[in-house]
Amino acid sequence: MPSAAHVDDIDDKDLIQISNKPHALLPFLQLQSATSLSRLYQSPSSCLSIFRLLDALERQLVMNLLWLESAIAQTTLGVWVFQEKKKLYDDALDMLSKLHILHIHSAKLSLNGTFKTSLRHAITGGGTTGSFGVPAEKDEKRPPMDVEGLDAYALERWETILHFMVSSGTGQNPTRPSQGVLYLLQRSGLMSNQHGSLPQITSAGFQFLLHPPHAQLWDLLLQYLHMAEERQMDLVEVLTFFFMLSTMELGREYLTENLSQTQKAMLDDLRDYGLIWQRRPTSRRFSPTRLATTLNSSSPSLPTGASTGAGAASGSQQQQGFIVLETNYRVYAYTDNPLQTAVLNLFVSLKYRFPNLVVGSITRDSVRRALNNGISADQIISYLITHAHPQMRKFNPLLPVTVQDQIRLWELEKDRLKSQEGYLYTSFASQGDYELVRDYAKQLDVVVWENDAKRCFFGTLEGHANIKSFVERRGVGGDY
Amino acid sequence: MDSDSDISISDYDEQNLSRSKAKGKGKATDKDKRKKEKAKRKPKDVQAYTWEANFTRSWETVQEDERGSLQGAVDDWMVRGRRKRLLAPQNAIRRTIIRHMVLLIDLSSSMMDRDMRPTRFAVTLQYAREFIIEWFDQNPLGQMAVVGMRAGVGERISDMSGNPQDVLKSISDRHKLEPTGEPSLQNSIEMARNSMNHLPTHSSREILIIFGSLTTCDPGNIHETLDECVKNKIRISIVALAAEMKICRELCDKTGGQFGVAMNEGHFKDLLFEIVPPPAQRGIIPRPATGGTTATAAATTANAAADLMMMGFPTRLPDASPPSLCQRFLCPRCLAKVCDVPTDCDICGLMIVSSPHLARSYHHLFPVKPYTAVASFDAVPDPSATSSCHACSRPFPTTAAPPANVGEGMSAIGRYRCPDCNTDFCSDCDVFVHDVIHCCPGCSK
Amino acid sequence: MAGSHLSVVIDLSPSQWHLSSLHQPYPLDISAFISQLLAFLNAHIAFKHENTLAVFGAFPGKSTLLYSSADPPAETPSNDANYFPPLKLVDSTMMHRIVQNLETLTQNNGDDKAPSALVGALTKALCYINRLTLEFNAATTNATEGLEPLALPDSRILILSVSPDQTASYIPVMNSIFSAQKLKVTIDACQIYGPDTVFLQQAAHLTGGSYIYLERRDALLQYLTMAFLPPPSVRQTISVPTQDKIDFRAACFCHKNIIDVGFVCSVCLSIFCQPVPVCSTCRQVLLTKFPFKTLQRLNAARSSLPSSPSQPRNSSAPSSPQKTNGRTPSRTEAPLGPGGLPHSGSISLNNSTTNGAISSR
């Protein structure tokens, strides 16, 4: 079946929305029932972490209500908001009430009682929940792993996962992550196993690779939560444990004793992801790594540098970005990290390699390859912006406009064709027959394309049954 | 009996050498910028004028220490600022706080020379902008006008104004200022002089000339103009971009201004920024001025320039008042509405200021005493009690820097001490306190 | 996006706090204040993972750093499963240092009555932010590329004061305000006890911050949270109280009267409410004497003014609309008519006749 040609215009709105999007976890929490959320809010550390994941305005509204004992009229709080920003304010209230943090009763606002008590405990200390984890006493014989060690460990684990993804199907044989991780990757659709033994990266996987590290981590954890539902694990306990980890102190050991069975089972998985470190799998102590303790920070600047980012955990240069892009489409990447090189290789055709520098250029072919893998032009551009070298920050706009435009044009080029299923009606015996059927089809508004000279037109799938019966009724000659 | 010509010109001559090497007034926040400029300017100590130099590799003149760090070179740069402060006189200085200045910019064809990159004209405009911003920042009660010299006449570019935005806007369009023809010093100075004739005597009258040409095309005798300027107490300063001309030197010397020839871009900026701080009026005992200042000026006493000024502190119209165009203040004497302060009331001529404007100038009058560098740990009585900077709590280094990296006036242990309260500060805070805050965190004054 | 920095300057003058604890209604003593303050500081830390905090205490005659997140103390607090570790650190460090400082204060008693070193604490807060700015710029390697140094985003200073204005600290306070403007730092101020302070009002106004005079001292924490917790970026959506009536008139140096029209020494910018023959501020060092002619001229001019500025006037009168109305009658009495103008014209600086008078020495 031929398809009709269409030029689609790209909607820029998607781009704008990315910046204001709520944290990835919040929509998931909204789907949970009020009772399980209420159980979750019993833990001060969970409340603190959820509070931090909220938007700045939402956080401020929560704080405004936190110390009030009674409900407050919606208008009282509303007068503090500038009129032209009213929409933001309404959105914030909406979000909070969907999370069951805020109760709105007859135009009066009050915080969820459980949430209020827990957050107050988190801020002033107190309570008996022990939700911030029970720290282990110092063991003189076996001192805890130091911060550098933890960073290196987390980085190694995390990069193993990403590197495995990026080099799948290239013929290399990188270290395989553990079975649990592989299962999670396949389960989440980032990799697929259809071609036999070795899993292949999917287009979702390619997009995943270009995300900032913080988002990647949460993506995986969200997938873990979905999986936990299927494995009949208690979601609240899983979430509580995540949040407990996120409020723990880096470089300190915690006891496993007070954890529930579900949470103890999670230790194994989290060890694989690099979120926690244990001396032995059976050890009764564990240390959270930086990946875990920065879970509730809203910024992507993980000092571990970031998984897609850095070779050295401490290299501030790496955190700042390493890519120089010139107007002649050349890319200079100051890195010796194989993972970064591999990610760049997704959309850059690499030319030379030096000990600390990779040189390549962005070509039509290399970008088309990336587009075919499911990566979008905006993702490429935002990756280049996030990892731009400090030298590039002098320029405004940061990336050369020519290159940005060209990458977008290459994407449009690919979207020139839009396919639509349907039927082609052709070989009409006479012009009269053709016009009769075509006019009928036009009345039904199912004509996509017509050509009078060739006496053929293209109708959509939905219209076919009607047209077919019309043709049969009329007995006009025609092929379809 | 009022004159401001009793400034001690001799001091400028004495300090010119050291000053021209040291950087001009800078902010602490500029510190990092200096690091970069360091590389650019260092050559001027070893080489002379731009056109005499070959292609220089400025990066090679930066000295790395044995660990490959540039810190030593940067510290050295900061130390120059310190030394300059120490050289500054300790006794009380009288400064002209209320200044009026006419900025004369050469717009003759010689400004298209390319000995400064990209052209003298472009560099001049750029530095003029920076100069205007800094000048108004340091002299909030000042007013400035801009006059261009082109095609043999003086051309008014902006009127006397106390609003930096007005002045900046007037020189923002470079196409209107395209250089052409010959400059005329006499015409332009006459124009500037006439616009300042009416000014009160307690304020300064200054002309700053940025001069790129080596000729001047005058209708009459320029020496008569010079005499008029001396009579009117107008101080002329010139920054020449080409070479020293006798008449330029004479204009400056006789009127008590400063004269300098820019050797390169960095030096050009230094020379300009030396004009930014309010000129000192020093000396209770009249000094015989060098450079041939007239005897009458030398004989005037120091307090002659002092005067009482009547000033109005305006009432700010409440935001709820009936709307008007931009008029937000009321003149306290005639109740006329005025747009912006500081200004002179359009109706009754009263000088209208707000108290923060006055306060902005106080630091010129009450500077913080320079800190002394603490030479070694012997001078620190209790190192454990004062282990970190008194102001910003940054820990002090615990080991002394190797003597090779320690320049004169620098502290090997990174401590700088206030002579009044005997507390120690780090070098960043030293710069910040003296250049920005103007108030010692230890003794709160 | 990076976190926001908050530097808090707290006034810890024991005598003023003693007065505050006795003041009716709504007494507030120092321990209640500190516990509410800690809740506020914890809320700031909890607000965002990247938020930073520094606290400076102004004690009588001296000022010290009480807490800073850049230099954490060596001793870590004991383990507690019910306490978020960073908050625990703030609380214990601050309490420890406040008690320590108050004890040394009682040991060398006597200077208990000295005014709080609010200026010292404020300048330290500025130096601290300057340090953060330098470190921030060094980290982003921005400055080395020849760019203008970036201001630290979203940084602000909160001053919690219980003392009245110190006249002597006018110049340092103003200098601090201008440095804050240069650093693009917002200054918020809250007067918890005692009279309104004009200095802090000006500080808040000139740096775009918010000033609150705390009347309901029992609601301190709620005030702090609603007005001072939002970082500058959130304040674009949520408004915080600002004041409309700001007094930008000056007080004369001789009688501390608030004046409309004053006489200013051209040398040291001292302000006087009436023409004086000698500048009292700078006469010692600079022997400033004013010309006799000027005195005569100004005295003549002064008599034409609407009302004698030497009369003390209600300092709260300025820009509040109602009170301005109340003052209007005295304005209309002023000789604004044709009879008045020539007189004031005689001191007009642009006037050619006056000009002649000055230059004929």
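A few points about this structure:
We just call them A, B and C in the order they show up, numbering each chain from 1.
Following the convention adopted for this analysis, a contact is a pair of C-beta atoms (placed from the backbone, for glycine too) under 8 Å apart; a residue touches a chain by one contact, two chains touch by 3 or more.
The chain list, named the UniProt way, goes like this: A = RNA polymerase II transcription factor B subunit 2; B = General transcription and DNA repair factor IIH; C = General transcription and DNA repair factor IIH subunit TFB4.
What you see is a predicted model; the values in this text were computed from it and never measured.
Contacts between chains trace an open chain of neighbours here, each touching only the next in line.
Seen from the Cα centre of chain C, the chain whose own Cα centre is farthest off is A.
With centres computed from Cα atoms alone, the innermost chain of the structure is C. Put simply, the C-alpha centre of chain B and that of chain C have 28 angstrom between them.
Separation between the centroids of chain A and chain B, computed from CA atoms only, is 54 Å. Annotation: 46 Å between the Cα-based centres of chain A and chain C. In chain C, 145-146 are the positions where the chain touches two or more neighbouring chains simultaneously. For chain B in complex with chain C, the residues that touch the partner chain are 1-2, 27-33, 35-36, 91-92, 94, 97-98, 197-203, 284, 302-321, 332-335, 344, 348-351, 354-356, 358-363, 365-366, 388-395, 428-429, 432-433, 436-442, 444-445. Contact residues on chain A toward chain C in their complex (touch as defined above): 44-45, 48, 51-52, 56-57, 59-60, 63-64, 66-68, 80-82, 85, 88-89, 121-135, 137, 247-249, 252, 258, 294, 296-299, 316-317, 320, 390-391, 393-394. Against chain A, the residues of chain C that register as touching in their complex are 1-3, 38-39, 42-43, 46-50, 79-85, 87-88, 91, 139-142, 145-147, 221-222, 225-226, 229-231, 233-234, 236-240.
Of all the residues in chain C, the ones that touch chain B in their complex are 63, 65, 68, 70-71, 117, 119-120, 123-124, 126-128, 130-131, 133-134, 137-138, 143-146, 148-149, 169-172, 174-179, 182-183, 202, 206, 244-246, 248-250, 259-269, 271-272, 275-276, 279, 282, 285-291, 294-295, 298, 301, 305-306, 318-321, 324, 331, 336, 341, 344-345, 347-352, 355, 358-359, 361.
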